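In what comes next, subunit A is part of two complexes: it sits with subunit B in the first one and with subunit C in the second one.
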Partner chain A sequence: MSKPSVLFVDDEPSILDGLRRSLRGKRGAWEMSFAPGGAEALELLATSPCDVVVSDMRMPGMDGAELLSHVSERHPQVGRVVLSGHIEPDATIRVSVAGHRFLTKPSATEDVVAVIEQLLVRTSHGHERAARRIAGGVRAIPALPAHAERVVALLGPDVDLQLAARTAMHDVGLTAKLLQLSNSRFFGSRPRNSSVESIAHSMGLPMVQAVVGAVCALQPTTAWDPTIERHLETAWRHAVATACLVEVVASPANRPHAQAAALLQDVGRLICLAAVADARGAGVDLAAQTRDGVPFRDVGVELLHLWGLHPPIIAAVAHRDTPQSPDASGLGVAASVRTAHLLLQETESACPGAGAHGEELAHLLSHPQLRAQGIDWRAAADDASRHAGQRDDDRGR
Partner chain B sequence: MAALAAAVPHGTWVTSVTGDIVYTNAPALQYTGRQGSPWESMVHPDDIETVRCDSAAACLEPAAYLAECRIERTDRSYRRHSVSFTPVCADDGRLEHWIVIATDIEKDAEARRAEVEASHALKLESLGRLSAGLAHEINTPIQFVGDNTRFLAEAYRDMLDLLLVYRACMAPTTGEVNWDERIRRAQEAELKADIEYLAIEIPNAVSQSLEGTERVASLVRSMKSFSYKDSTEPAYADLNEAIRTTVTVARNEVKYVADVALHLGELPDVRCHLGDLNQVFLNLLVNAADALTDKDERGEIRISSETDGPAAVIRFSDNGPGIPEDIQQSIFEPFFTTKEIGKGTGQGLALARAVMEKHGGSIGVRSVIGEGTEFILRLPIDGKQNVSV
Partner chain C sequence: MARILVVDDDPAIRQLLIDVLEMDGYEVSVAVDGLAAVRAVEASSPDFVVLDVMMPGLDGFGVLSAIRAQPGEPVPVLMLTAAAEADADARAWASGVDYYLAKPFTPDAVLDLIDGVLNDQAGANDR
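Now for the complex of A and B:
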């Protein structure tokens, strides 16, 4: 197998020289190439494939955001990393949807290497290339029409941070985007706790609104297919209900990750089917839950991995449909999400096609952590389901 | 005398020898709202003693004197005034009246403070815009200096490994090993260390790192001299140096759109407020860069300096789209801007004109649509007073 290849783009020759030298230790592992600008980089990509692009932002002619947007369209399988000294607030909007990962200058060699190595890993087993190609081209996760209005409303003049944070934590696309950006210093200080609400608070309203604007700008312009929209509405309601319920199920330490994983559990389905509404979606098999033969779940996991979400979130999404038998010391993120998911399968917010697993659920509910709380879990699930349904009704009005 | 007093733009009174007011001009009436009472009655009680002492001394041998005291205004508030007392004597030398003129010194101080604050706010605005660019200009060399240093650390280890092999080859205890074997070991180690590569790259890494640290150092020096705090008095300064400093500080604002060509002639030091002139240079440079942003190819900004008799002449020209003739006069008015909201406050050129006028100099513009724009600054080399004579 040939070595993976990495392309570095910067208009400052000294930066390229510095990277070339400091990454010399990787010369046995990677094929490295260097381009002095966006146009040269695209030319190079057209002739020789590459696995990861690391680009500066401010460059004369084609800037980094423009380059990476082109790469996402022409070469979606390529991992996209921004390495920049400074990003102006105006450029945030374009940058936040152009790259997969964001590094600030100065960055230590170890950090650059770590990010590149992560992007060289493909999570799907058996569909590595196809899953990467489908997930890699995604720059923002669309909101369903019924939810889009609530997101767009955040751009209004009298929105406060509290409202923006609450809305983001119940929106699949914003949750994923904020978690992605929270790993980089560009977008505000890094919060200690990774709950979407605290991320939004540490970013501040102008930055959150900039991100909302970026996500809104990438909404599909064509109408959604009604069958698909109904199908996704069900999955969306299930995700919101699971996120509500898992808040009680998970231990306080696991709560932020569990909530994010619950909300993002079907993100693969969403991005695969959004493409169908976009009339680009040949290759989708609703019954088999695949696109181009790749399971929706594999696409979702690959996306969350590309976007650098925390491993416990990715693992919980990957294993939502895997029977769990947590040990007595603690439920953990994956089992918490699975428990909440299975509880909701017995309610109005059930997710079609995932089935019920009564025996496993009974076993999970007998876990010491859940028994100790003395909660009627099925009643709590009904509450969560109703709550998620009400949110839908609110939007309908 | 009343006509004369009426024409004085300050509060003016004529008092009797005993200090009763016999005449009040319009500004004084408007300011204090009273007439006919003893002049002392409008002085702050704490200051009366000082005023009295001074007047007692002056009465012995009539002579003009100055005093400072607080005077009550119509709204019952007190303001600090500088008051001049001038005796009016009859032909025989007998004291007849006092002419009292009061100048509000707080008002002057306030106006000066407002002026300082306004120029400070403008400075902050341009620094705010600069700081983002400066962060980029500093982070870039820090990145490659760090990378090069990491490389040098690795290269040092590789060289040291090689050196240890050499040493082992040369050691007397290796006596029984034949020379062919020693050469083979040394060559193998050289190959492993990739000595050819290191021989080329180490000097390059060192020189680029030094260049990077020099870049940061010169930027920091420029920032320091750019934000130079003017004293109230003008001082002689090297304007060519100031132009170079400004170009360094604003490099990141300009380098993506234009090349800057400096044609700096011999200039004697010019008596000026350097901090203010730096702002003018910065505004003209950034304006030129902004004018070139939408140009298809890279633009050019040319800055020249020369002497013309008693004046220094500095020109900023660009090959941008030019300024339409009908707005060429408006561009120096405050708040006039063609930039989008948030891009500029329209204060830059107004400030430039104010600064040039303060220096007894001038700013002019010549612009041809489609060809470019040139701003011409003229400054008296020896400062304002010498030229205004």
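Now for the complex of A and C:
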């Protein structure tokens, strides 16, 4: 098997020399190449493909954001890392959708290595390259047409941070983007933030609005296929209801990750279908839940991995459809999400597979963690479902 | 490396936990009673708390409600109880623990649980 290859791009020769020196230890593991600018990097990529590109942002001629957006279109399977010093506020919009990961310059060598190695990990077998090709090209996750207006409204002058945070918490694309950016100091978040609300608050309104602007700018402008749109609306409503319900199911410290995983549970379906929503679903098999033969879920997990979301979130999304039998020490994130999902599936009778997991659900609900809450879980599921329906009505208005 | 706060008034159990956790590379700090535990969580925001229930003065439940009332995101808490305490598990769950083990537990069980939670969270990125 050939070595994975990494391309570093920076206009300052001293930076490239520094990287070459500090990463000497990885020469046996990686094939490394170095380019002094965006144009040279694209030329190199055209002839010899690589696995990860690490690029500076501020460069004369083609800058890093432009380079990485070309890479996302021409070579979507390539992992994209931004390695940059200070970013001007007005560049935030372009930078926030350019990379999969973000590193500040200077970064400790071990941090650079860790991020590159994570991008070299294959999250699934068999379909791995196809899943990465679909997920890798995604720079922002679009809002469904019925919700786009509410997201755009966040750019208005009268918006406060509280409203922006609350809207983001119910929007798949903004939630995923804020969690992605929260790993980096660039965007003002602190490492201990794990809920979308606290991330938004530590970033501040101007930064959150810049991110909203970036997501809106990539929103598809063509009309969506009505069948696909309806299908995604149903999935979205289930995701919001699950996020509401899991707030009661999950323990306090697991709550932020469980809520994020619940909301993002069908992110793979959304990105697979959004990309083809105007093309009458080319390559998509709704019954088999695949695109180009790759399960939607694998594509979603690949995206969350590329974006560096916290492992408990990724694991809970990956295992939403895996039967769980947690031991007495606690439900954890994945079993909490699965419990909420099954409860709602039972409530939404129109949902396929309702009632099929009765035994598993009964077992989950008999867990001491849930029994001790003294809650009527089915009534709680009804409430959550109604609440999600109401939000939907609000949005449609 | 993740920082763990061990709260137990029993020196033998405390040492046992410190030994296995430090051997695994965790940075361990200790509180020998409930009040010290509440102060330690507030002052040093550990990544994980291992909390014994039975302590003189402020017990584990009291510690838990005090740290849950602190502002900021909740820290994961593993509560350890003696099997003899009736309904301890129901009380623990109802008061908002994240993980729970009844004595007698093996040090390995504690370690496995903490490894599972914290390594899962070690999403290395630009920290």
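Here is the rule we go by: the second predicted complex is superposed on the first by the 382 of 397 C-alpha atoms of A that agree within 3 Å, B and C clash if a C-alpha of one lies under 4 Å from a C-alpha of the other, contacts with A are read in each partner's own complex, and residues count from 1 in each chain.
Assume contacts are C-beta pairs under 8 Å (C-beta built on N, C-alpha and C of every residue); 3 or more make two chains touch, one makes a residue touch a chain.
These numbers come from a predicted model, not from an experiment.
A.B. asks: Given the superposition on subunit A, are subunit B and subunit C in a clash or a fit?
C.D. replies: Once subunit A is superposed (C-alpha atoms), there is room for both subunit B and subunit C without a clash.
A.B. asks: Put subunit A at the vertex: what angle do the Cα centres of subunit B and subunit C make there, to the nearest 10 degrees?
C.D. replies: 90
A.B. asks: For A:Val159, using the defined touch cut-off, is the partner it touches subunit B, subunit C, both, or neither? Pick first, second, both or neither.
C.D. replies: neither
A.B. asks: On the A-aligned overlay, A:Ser198 touches which partner chain: subunit B = first, subunit C = second, or both, or neither?
C.D. replies: Touch status of A:Ser198: second partner only.
A.B. asks: Does the superposition put A:Ser107 against subunit B (first), subunit C (second), both, or neither?
C.D. replies: In the superposition, A:Ser107 touches subunit B and subunit C alike.
A.B. asks: Using the superposition on chain A described above, determine whether A:Ser329 touches subunit B (first), subunit C (second), both, or neither.
C.D. replies: In the superposition, A:Ser329 contacts subunit C only.
A.B. asks: Hey, is it subunit B or subunit C that touches more of subunit A?
C.D. replies: Here the partner covering more residues of subunit A is C.
A.B. asks: Given the touch rule stated above, what does A:Val284 touch, subunit B (first), subunit C (second), both, or neither?
C.D. replies: It touches nothing on subunit B or subunit C.
A.B. asks: Does the superposition put A:Gly308 against subunit B (first), subunit C (second), both, or neither?
C.D. replies: In the superposition, A:Gly308 contacts subunit C only.
A.B. asks: With the two structures placed on a shared chain A, what shortest C-alpha distance in Å links subunit B and subunit C?
C.D. replies: After superposing on chain A, subunit B and subunit C come no closer than 14 Å at C-alpha.
A.B. asks: Where on subunit A do subunit B and subunit C both make contact?
C.D. replies: The answer is residues 104, 107 of subunit A.
A.B. asks: Using the touch definition up top, name the residues of subunit B that touch subunit A in the complex.
C.D. replies: 132-133, 135-148, 150-151, 154, 201, 204-205, 208, 211-212, 255-257, 298
A.B. asks: Mind pulling up the subunit A residues that touch subunit B in the complex?
C.D. replies: 12, 14-15, 17-19, 21-22, 24-25, 58-60, 84-86, 88, 104-109
A.B. asks: Quick one: in the complex, what on subunit C touches subunit A?
C.D. replies: Where subunit C meets subunit A, its residues are 45, 68, 72-78, 89-94, 96-102, 109, 113, 116-117, 119-127.
A.B. asks: Spell out the part of subunit A that touches subunit C in their complex, as residue ranges.
C.D. replies: Listed in rising order, the residues of subunit A that touch subunit C are 101-104, 107, 111, 114-115, 118, 183-186, 191-195, 198, 251-256, 308-312, 315, 328-330, 332, 368-369, 371-374.
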